[in-house]
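Two complexes come next, and they have one chain in common, chain A, joined by chain B in the first and chain C in the second.
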Partner chain A sequence: MNNIFAIATVVLKEMYRRKDFYVLFVLTALITLVMGSVNIFHDDKIVRYLKEVCLLLIWISSLVIAITTAARQIPAERESRTIFPLLAKPVSRNQLIVGKFVGCWIACALALIVFYAFFGVITGAREHFWPIATYFQAVFFQWILLGIVLAMVLLGSLVFTAVSSNATICFIVVFGIMLLGGHLHKLAANMHGVSATITSVIYFIIPHLEFYDLRDWIIHDHGLVAWGPWGLAVLYGLIYSAIFLGFACLAFRRKALTL
Partner chain B sequence: MPGISAEGTDVMSKLILALGFVSTFSLATWLQPRFAAMHGNQSENQSALAAMMGDSRRLFAQQFFVKADAYFHSGAYPGIFDAKSGDTNKAPDVDMADAAHGQGESDAELGHESSYLGRSDDWIEKLGRNFFPTIHTHLDKPGQAREILPWLKLSAELDPQKVNAYVTASYWLRHDPKHADEAEPFLREGLRANPDSYEILLELGKYYGENKKDPVRARNLFELAWAKWQQQKAAEKKPDELMGSEILGELVRNARQSGDTQRQLHYLELLKPLATDKDSVQKQIDALNAGAK
Partner chain C sequence: MAEFFSTPKNVVHVGHGGRAKSPHFHFHFSPIYLYSCPVKAVVEIKDLRVEYPSRELGQRTKVAVNGLSLQVAAGEVFGFLGPNGAGKTTTMNVLLGFVNPTSGSASIFGVDVQQPIARQRIGYLPELTYYYKFLNAEELLRFYAKIFNIPEREREIRIDEVLKLVELDHARKRLIKTYSKGMQQRAGLAQALINDPDLLILDEPTSGLDPLGRMKVREIIQRLKERGKTVFFSSHELGEVETVCDRVAILCQGELKTEGTVAEITAKHQMNLERVFLKIVGYQEE
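Now for the complex of A and B:
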C-alpha cells in the first residue's frame, strides 16, 4: 500500500508542475465570465445558459486532463527508462499500475473540486441558491466516470504503441459512449440478424458513461438524484474501473519493457 | 545558390518580391468586388458571424431554437433516438412556439414522466432514467421563461430570417412585466430583417394593444399584417391560414373595443372562410346584424 501511495504522490507532483490544468481552468473561467457578461434583454437573472456553458467546459477540461495525463504515464517511464529503477525498488508491476491510477484519480478529484467551486460561486452569485448536495452528487459521479476513463486509458497505453493514438482512440470511445451508448438497444431493435445481436451485446458490455452526466439535472434544478440509484451507479462504475485496471495489470505483467 | 552569381541572386530576389506585389494586388482586385457585394446585401449579412459561417449558421440557428424548446420543457426533451415514428412530421419547435400562439399542448402530461420515453425494457435503461430529467414540466410561469431567451436571441442572431425566434421571444418578454418593453426593439430588429413578415407585425400589434394599451397603433399594425398576409396569398406563397385567422381575430377584437360594428362585421366576413369553427363566426355575424336592426 505504501508503494502505491508513494507512486501516486509522484504522479500528483508531476501534475501540479505541468501547466495543463492551469491553462484549462483559466480558459474555462474566462469563457464563462465573458458569457456571463453578455447582455440578454437586460435581465441579469438568466442563469441556465451560463450553467450549460460552464458545465460543458468543465466536462471537456476534465476529460482532457484525465486522458492526456493517464495516456503518458507508462510510455513516459519507459522512454526515460525510469521504469527500471522504479521496478527494482522493489515495486511490483501491479503496484505501479495501481499507483499511477490512484495518482491520476486523486489529481482529477482535486481538479474537479476547483472547477466546481468556481461553478458554484458563479451560479450561486446569480441565483442565490446553493444546492450543495446535488453538486456533491454531480462531482462524485464525474469522478467515478473519470476513474473508468483513467483505467481504460492506462489499459490502452499498454496496448497501443503511441501516446497520441491511445489518447485519440480513448477520446473517440468516450464521446461515442456518451452520445450513443444509451441508445444502442433502440438501434438494435430496428436491426435484424447478426448485426442486431452484436449491437445488443455491445450495449450490455460497454460501461455506460452517460449515467454520470448530471448536467441537465443541475441546469434545470431537478433537486437531488434518488440516493439508491445513485449508489448503484457508483458501484457499477467502481466495478468497471476494477475490470479495466485488472486487464491493465494483466497486460503490463506480460509486457516486455525493453524499447 | 550554386551556379548563380551574387548579382543573379540579387536580381532573382527582386523579381520574387515584384511577383509577390503583383500577386497580392491581383488578389485584392479579385476580392474587392466580392466584399462589396457581400456588404451590399445588408439583410442577409448583418454580422461578422454571418459572413464567417455562411449558410451553416441556419443549421446552428435551428439547433439553438430547439435548445430553447428543450429549456421550455425543463430538459425533459426527446432526442433523435426517442422520437416515435408517428411523430416525425411534428417539428420539435412546435410546443414553445404553440404556446406563444395560445395553442399549447394539454396539461394532462405535466408533472408526469414524459411519454416519448416509452416503456423501459432493460435494467440499464431503467437505471439510466434516474439521471436525466424525465418529468414533463413547462417554464411558463412569469419570470421562469426568461431562461429560454438567450437561445432564442442567439438563434435570431445566427439566422435573422428565423421569424419564429423573434415572435416566440417577444411573446415571453411581453408576459414578463419587468421586461415587456424589451419586446419592441427585438421585434423591430426582426422586422428590419423580414419586412414582409405578417407574424412579426401581428406580434408587434399585440404588444401595442395589450402592453402599451394603444388600440389605434395596434389596429394599424394588424391591418398592415393582414395586407402582408393577403400579398403573400396573392403571390401564391401559401401563408399560414391559422395566422391569417389570428390576425383577423385581433382586428375583430380591436373593432369590438372601439365599438365599430361595421368594421367588426367586415372582418368577421373575412374570417369566416379561414376559421376552423365557421358556425361560431356565423353566429357572431348574425348577432351583430340582429343588434344593428
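Now for the complex of A and C:
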C-alpha cells in the first residue's frame, strides 16, 4: 500500500502542476456564473435550466479530466523512461498500475468536490435550498463512474500505442454507453439471429454507466435514491473497475517498458 | 561526507518484525531475506540467454545475450565492458527485472531478480536521466525514499545527506526540468543512493559529463568501494575502468569474452586493456 500511495501522490502533484484542472474549472465557473446571473424571461423556474447546464458542464469537465489524465499516465512513463528508475526500486508492475489508478481517482474526487461545491453555492443562492444528501449520492455515483472510466482508460493505454487514439476511443465508448447502453436490450428485441445475440451480449457485458447519472434527480428535486439500490450500484461499479484494472495488470505483465 | 556512508554490511541483520538494522536506517524486508542471508555472491548470473523478436526479414528472434555466467562478490567494483549492442544494457535490464530471460537465471543477494524485494538493496543509475521533470530534487528523493519505506524522520536526514553529497543542496527546490545535464545526472546519482544501497548498478554513469563531473562520479564510486559497497557498472571509458574496478568482464555480441582483474587480463593477453578490448571486438589495426 505504501508504494501505491507514493505513486498516487506523484500523480496528484503532476495534476496540479499541469494546470489542466484550473482551465476546466475556470471555464465551468465562468459559464455557470453567466448563466446564474441572467434572469431569463423573469421565470423563477429558470433555475432548473441553470442546474442542467451546470451539471452537464461538470459531467463533461470531469470526464475530460479523468480520460486525459489517465490516458497519459503509463505512456508518459514509458516515453520519458521514468519507468526505469521507478521499477528498479522494489515496486511491482501491478503496484504501478494500481498507484496510477488511485492517484487519478483521488484527483477526480478533488475535482468533483470543487465542482459540486461551486454548483451547490450557485444553485443554493437562487433556490435557498441545499439537498446535501442528494448531492452526496450524486457526487459519489459520479466518482464511481469515473473509477470505471479510469480503469478502462488505463487498460486502453496498454493496448493502444498513441495517447490520443486511446483517449478518443475511450471518449466514444463512454459517450456511446451513456447514450445507448440502456437501450441495447430494446434494440436486441427488434433484431433477429446473430445480430440480436451480439447486441444482447454487449448489453450484458458493458458497464452501464448510465446508472450513475443522477442529474435529473437533482434538476427536478426527486429527493434521495433508495440506499439499497444505490449501494448495489456502487458495488457494481467497484467490480467493473477491479475487472478493468485486473486486465490492465495482466496486459502490463510482460509488456516492453519502452514504446 | 564520512557519516553519509554506513559501515560495510554484506550480511543483513534482521531484527524484530523482519526489519534490518543498519547504523542509519531501518528498512522493511520480506521474510524471504531471512533465509537468503548471508550471501557470498551479490550478483549471480547463470547461463543467461535473452532473445528479442527480430525486426529483420527472415529472422524470428535476435539473441542479445548468449550463455552468460558471472558472479560479482560483495564489496567488489565490477566493470562491464563491451561495444555498443554487446548486451550490457540487456544484462542490466535482466538484473533489474525489466526483461525476462529466455533461459538461465539471475539473482541478487540470493533472490531471483523477478521478485521486487530483490531490488530493496539496489541503487540504479540509468545511462540517461529519466526523472519526473515536474518535481524538484527534494520531492523526487522523498518519493523514492517512500518507496523504500524509509521512516519519515530518517527520510529527511537522508535527503539532506545525499543532496549535499552530489552538491545539489543549493538547487533542491528547483524543478528538475531547469537543471543542466550534469545536475540531472547528479540528481540521478542521488536517487540511486537514497536507500543506502549495498549494490549499485550504474549504466555508463559518466556518459555526457564534463571532466569535472566524471571525476566527481569516480570519487563517489571510490568512496562507495571503501565502504564495502558492491558496484556493477558498464562503461566505454577504459581508463576509468582501470582506475576504479577490481574486476572486469568484456562482452561482445552477447557472449562473455574474458573476465578477471585488469592485471590478470593484461598479463594473459600481453597488452594493455584498451588493446585487449579492441582485439576482442575485432578491430584491425592498419
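Simple rule for what comes next: the second predicted complex is superposed on the first by the 255 of 259 C-alpha atoms of A that agree within 3 Å, B and C clash if a C-alpha of one lies under 4 Å from a C-alpha of the other, contacts with A are read in each partner's own complex, and residues count from 1 in each chain.
Just so we're on the same page, a contact is a pair of C-beta atoms (placed from the backbone, for glycine too) under 8 Å apart; a residue touches a chain by one contact, two chains touch by 3 or more.
This one's a predicted model, so the numbers in the text were calculated from it and none came from an experiment.
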Fit or clash between chain C and chain B when superposed on chain A: fit
Touched partner set for A:Asn3, first chain B, second chain C, both or neither: second
Touched partner set for A:Ser80, first chain B, second chain C, both or neither: second
Touching partner for A:Phe211 - first (chain B), second (chain C), both, neither: first
Chain B versus chain C as contact partner of A:Arg254, first or second or both or neither: second
Which of chain B and chain C A:Pro90 touches, first, second, both or neither: second
First (chain B), second (chain C), both or neither touched by A:Glu14: second
First, second, both or neither for A:His128, with chain B first and chain C second: neither
Minimal inter-chain CA distance - chain C and chain B, angstrom: 41
Residue numbers on chain C that touch chain A, as the complex places them: 96-98, 100, 116-120, 122, 124, 126, 128, 130-135, 139, 143-144, 146-149, 188, 191-192, 195, 201
Complex contact set, residues of chain A against chain C: 2-3, 5-6, 9-10, 13-14, 17-18, 80-92, 95, 254, 257
For the chain B and chain A complex, residues of the former touching the latter: 71, 74-75, 79, 81, 121-122, 124-125, 127-128, 130-133, 135, 143, 146-147, 149-151, 153, 173, 178-179, 182, 186
Chain B partner contacts - residues on chain A that touch it in the complex: 38, 40-43, 45-49, 141, 182-183, 185-187, 203-204, 208, 210-214, 216-217, 219-220, 222, 225-226, 229-230, 232-233, 236
